[in-house]
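Some notes on the structure that comes next.
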Amino acid sequence: MTGISELIFEIGLVHYLIVSGSVFGLGTAIALGKRSAIAVLMGIELMLNGSILALLAFSRFPQNTSSEAGLVDGHVFVVFILSVAAAEAAVALALSVLVYRKRETVDLDRINLMRW
Amino acid sequence: MDSPGIVIGFYMMAGLVLGSGTLVFLARNLLHALAFLVISFLGMAGLFLTLSADFIAMAQILIYAGSISVLMVFAVMLTPLASRDNGNTIYVLPGLLAAGGIATFVGFLALDTSWSGPATDFTTTIDLIGNLLLGKYVLAFEIASVLLLFALIGAIMLVQISPSDPEEGEGR
Amino acid sequence: MRTATQLSGIFVSQVLGKSLPDIVTAVTDEWIEVAPDRVIEALRWLLDSDEFDAAQLSNLTAVDRHTHIEVIYHLQSLDLNHQLVVKTRTHGMDPAVVQSAYPVYKGALLQEREVYDLMGVRFEGHPDLRRLFLWDGFPGHPLRKDFLAMPGRITPGLEGFPFEDKDKPIRPINQENVEAGVAYVVTGETDENRAETDLSEGRG
Amino acid sequence: MSSDTRPATPMSRQIAEHRSLLDRALGLPKLVLVALSVALIGFVISQILIGYMVVSGQLDGKWYDIRDFGNAMVSLSDAINSSGMDSRIASTLTYLIPTLLGATGIVSVVGGWLLIGPWAERRLLAKFQIRQGPNRTGPFGLLQSLADALKLMQKEIIIPRGADRFLYFAPPIAVFIPAILGWAPIPWSPKMSYADLDVGVLFVIAISSLGVLAVFMAGWASNNHYSLLGAMRTIAMMISYEIPISVSLLAVVLLTGSTKLSEIVMWQSEQGVWLIMLIPFAALAFLFASTAEINRTPNDIGEAESEIVAGFYTEYSGMKAGLFMAVELGNAILVGALMSTFFLGGYTFFGLETWIPGYLILATKIGLVYFLFVWIRATLPRFRLDQLMGFAWKFLIPVSIALMFLTAIESSILVRWDAPSFLSLGLIALVNVAAAVGLTFVWMRVLFRDTDLSAPPAPILTRKMGGLQAAKVLRG
Amino acid sequence: MTTSTEPYVLNIGPQHPSTHGVFRLRVVMDGEKIKDLDMIVGYLHRSMEKLAEERTFTQNIPFTDRADYLAAMTGNLGLAIAVERLAGVEVPERAEYLRVIFSELQRIASHAMANGTLISDAGAWQTPLLYMFREREKILDLFEMTCGARLTTNYMRIGGVAFDPPVEFWPALQELVDELPDRIDEYHELLVSNEVFLARTRGVGVISPEDAVNASLTGPVLRGSGIPWDLRKADPYSVYDRMDFDVVVGKSGDVYDRFMVRMSELYQSVKIIKQAISQIPSGAHKTDIPLALRPDEGEIYSRIESPRGEIGFFLVSDGGPFPYRFHLRAPSLINLSLLNELGRDAALSDAIVTLGSLDIVVGEIDR
């Protein structure tokens, strides 16, 4: 166990992973606990952000430098995550607008189109 | 020893991300939550900068803070009669438990594992990323562009009001 | 007095009387007068006739003649370059009712609203008969000659003239207002339009 | 009264009493004149000496080389590092001092502009509009903006009923952040840029997309339909015109092969050509789209005062409204700086930057672009919303993307082809101009094939009066 | 986006940059489109017609200044002519020419103002307005020279005009008339071919000739719709029948045509002034009339062509010194008859420009 001052002043992978995990957890809580579909989407975006942070951190502090993966492969993954996030946001928001037109609400508790 | 800028930056940004993320959860109003979410995104971009991922940081600002949040604004504005409050469902307790569990688990793992390897220093990432995207990952890149195109078309198809549809016959 | 381009009322009544007998109730050199419930008929005939071609309602106004209100239509033909004057008189003062000219002339829209506002003539068939200048709930119609004599001794400015006989019975001007007990509303907001300017609409 | 006199209005009296600056200067006391001329001679001699030092290369990299404040900064860091301080403190200081000094520099540039800018704009507008402009407060009315700012600060801050207080107070501050941040990557001299980011171009685009949300929040929180309408118009404009901006900057990146702003400037300086000569369409598209981004005429529909009063900040009063206006002014010169850096050669002027500090050259260019903005504002009416959106989506975006592809082909040829630069670049310029003109022409033809583009008919003169019949005859 | 949002109410005015006074539009909007609109006037109502019943005919002339305060001269002239016709007052020749000169000067000033504000409404930040003001300023200087007032001139009298212009008036007028055509050419160059202005005004706010006639529109608005109707030619008053000028008629009835009609009428007005200067005889400028003029019992509707259209006076005399009924036909008000139809389904920007092209003066609307 290293000294506590080193833990505070020496920013390493650990710090980023803790932040990443916390953001992911926050996102989970929001995505699970919110009523509005748009708020749920916000939670999902936060979760994605947390995982992006982890990817970038691992890319910055590589564990196995001898692997064939390059230095910035993590970044490339992030680029894909970003594009998927953009696509997902567009479709999800379009869906919520569509649901709103049918039901005049985006409240997930009251969206029960598929019941029975 | 990291340069003091990185240390100060990391703690500021981490605080910003976590604090405003919490406020997204706590905010009463959906638009307030959105504002905090944008602050959280910006803080996240700052964290990326401390990881010298400058391209990703800019992309984060551009895509998350600039576009996805505007999309959400439009979604909120286009659902004018829906309630604007940021209320919780009954799943909030399980959600919080799961959040706490995940955070603790990841934190425990992070602290417990002995991480090896020094920090790499890249001078520029942008040309490396470019080379990878158009070299090693070119197939995935193309698939991603197709995905984006489909998302675009799909979103338009979803919200389109067809003039022939009598139920939504306010087509203009 | 007849201006240079104005047609003689006698001539107009002769031609008009051939097609629509009995419509003209009075006639002088300057104008013809028609019954208030046949105004539209007369105006439409004048508009459609090739001889008069009264394409434009140049002016619409009213004069308080104490026992009745006279509504005056100044019509003109642009192609033939002449004017003709049509009058009608209401049966009494309250209510003073005349047919609206709006179905024939769109130009009557605001002019009739003005006459209604200031003179108190109700135009039947007007699509949107509201006060134009004064606010809803303003007591009385100011261009009437007896405007200051109002029920309940309410006057817009003075309480009443000092020499006035306070016990003299006064003809009510606006029956609804008297019945509703509304003296006058200062703000210009009645209950209906106050709801419209409510916060829920924003203050744009 | 003689026959040629008119009633004297204050204006005409002012014109009659006007004396030129030279007249007024010659009217000063003798002593002052002598002192002034001595100072002038001294200045000229010192300039000659400095010129000698520049030619002999004695000045390069010295801390007193004011052509580039970056030199002083480097010397300072060296001094700190070699002073034998604890390395931790030394590294902190070398990090902190340039950061703070640079930030102060940027803020003072923007702040100084906010003091001069409104005055300059109003004076210029007044000249365009045959009137005097502010000339009462201080010499030539220079203190007018200060007086305005003082007045704005004293004003009561009114919070509209039903406003969302949190979102109402945040935007004036939030819009300020990108307006300041955007200055970071601008190179003022070779070593003088606050943060010469590798992804400078991306940074510029990202920063410009940040203002959107603040504008929306301001409009929404005001609880006013004018504000909301203005906010929605502004957002629509910003989102639409971000694409032409990105595409035209992409053309810049393709040609110069770098996303670093300083390298873009260096490329232009080395090739001895400004990018506006090579890719004129991209430059004009950038300029036009930027006027839309920063809400200036002819694209100022977001705050068209004859339609929606003040747009998204209608309900803001006092210094809050002042902040919005300040941001607008600051953004105007930021766009000027970007335009100069990307397309007008930045701080260079064909070798003149050896003699004149680069930041002065850049400032002059910014001033010229700003002058162009004021000129446009004084001359043109504004478009309608649908016309502007149509222009962006139907014309600007397709044409600039097509021309961007052309630039990509050209740049790949440029890399491989070993021709003298004047030949290759000249060819590129020719091709690009021809392509831009041709494409514009063809695309306009396609877009407006159903529209009557002929000159409007002159009104008819007639002496025969009549109504509908006569009208029919007249129209034939 | 093909989504329709909730309709909402927007209050344009009474304090708004482009309502030209205290005029209020209550607009129901759907996004940028106007669904319905309702005009609310009366904020400037001074009950002129009622007040006029307590004043002699001469005392009523100042009211006409305050009605159409941008064209006070023509307002004065309308009332003066109406009373003269009612009471049979003769007007000296010189006064008639002075009336023509001043009402044409007023027309230039008013049209300049109207077109300047129209372009301002279209978004050109005041530059054209101030250029237009340059000429208007000189005209107002001439007014000031003659009658001491610039805006509310109160110049026309029953039986003539109030004052003969001073000696220095004539060279100043000549100079103005000489330079005006060049100046108007300058505006043509600046504005008529401006692409942005054309895009904003052509095809916007179209009024068909049938509607224009049926809705009692008059003046440049009517002429813009293609109807050749000008009271100066159709029903000549004063000495307009001796003047050689053309009437300007538009073709398509849109905002641009109304603008162009006003623009081209400036040339015609200059032409009329030039003729009047060369023809003006010497002599008295006013006939003496009794202080309290008592016309015979009767009524008259007399109209002249003001810059905004047909300004008419309906006077009823009961033989006394005061009018029994005094009615001013306000062209500004009546030209608004079609506003609802013009505004409905138009974009907000178009509606603003259309309103500007109708050239309203709220003082005259409300009276």
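A few remarks follow.
All chains are identified by letter, namely A, B, C, D and E, in their written order; residue positions are counted from 1 within each chain.
The rule we apply is simple: a contact is a pair of C-beta atoms (placed from the backbone, for glycine too) under 8 Å apart; a residue touches a chain by one contact, two chains touch by 3 or more.
Keep in mind that what you see is a predicted model, and the values were worked out from it rather than measured.
Steps from subunit A to subunit B, taking the shortest chain of touch contacts, total 1.
Counting contacting C-beta pairs between every two chains, the top pair is A-B. The chain with its Cα centre farthest from the Cα centre of subunit B is C.
In terms of the distance between Cα centroids, subunit E is separated most widely from A. Centre-to-centre separation of subunit B and subunit E, using mean CA positions: 61 Å. Centroids built from CA atoms put subunit E at 66 Å from subunit A. Averaging C-alpha coordinates per chain places the centre of subunit A 71 Å away from that of subunit C. Centre-to-centre, using mean CA coordinates, subunit D is 42 Å away from subunit E. Each of residues 3, 8-10, 213, 227, 229, 234 in subunit E touches at least two other chains. Across the assembly, subunit A contributes 97 as residues in contact with two or more other chains.
Among the residues of subunit C, those touching two or more other chains are numbered 55-56, 78, 81, 201-204. Interface residues of subunit A facing subunit B in the complex, by the touch rule stated above, are 9-36, 38-39, 41-43, 45-46, 49, 52-53, 56-57, 59-65, 70-73, 75-76, 78-80, 82-91, 93-98, 100-101, 104-109. Per the touch definition, subunit B reaches subunit D in the complex via residues 1, 3-5, 29, 31-32, 35, 38, 54-55, 58-59, 61-62, 65-67, 69-70, 73, 77, 123-126.
By the touch criterion given at the top, residues 8-10, 16-18, 29, 32, 119-127, 130-131, 134, 137, 141, 144-145, 166-168, 171-172, 192-194, 196-200, 202, 209-210, 213, 225-230, 233-234, 246-252, 256-257, 260-261, 264, 347-350, 352 of subunit E touch subunit D in their complex. Residues 8-11, 41-42, 45, 47, 49-50, 85-86, 211, 213-217, 227, 229, 234-235, 298-303, 310, 312, 314, 316, 324-325, 327, 329, 333-334, 336-338, 366 of subunit E are the ones that touch subunit C when the two sit in their complex.
Residues 88, 91-92, 95-96, 99, 164, 166-167, 170, 197-199, 202-203, 205-207, 209-210, 212-213, 216-217, 220, 232, 235, 239, 242, 259 of subunit D touch subunit B in their complex.
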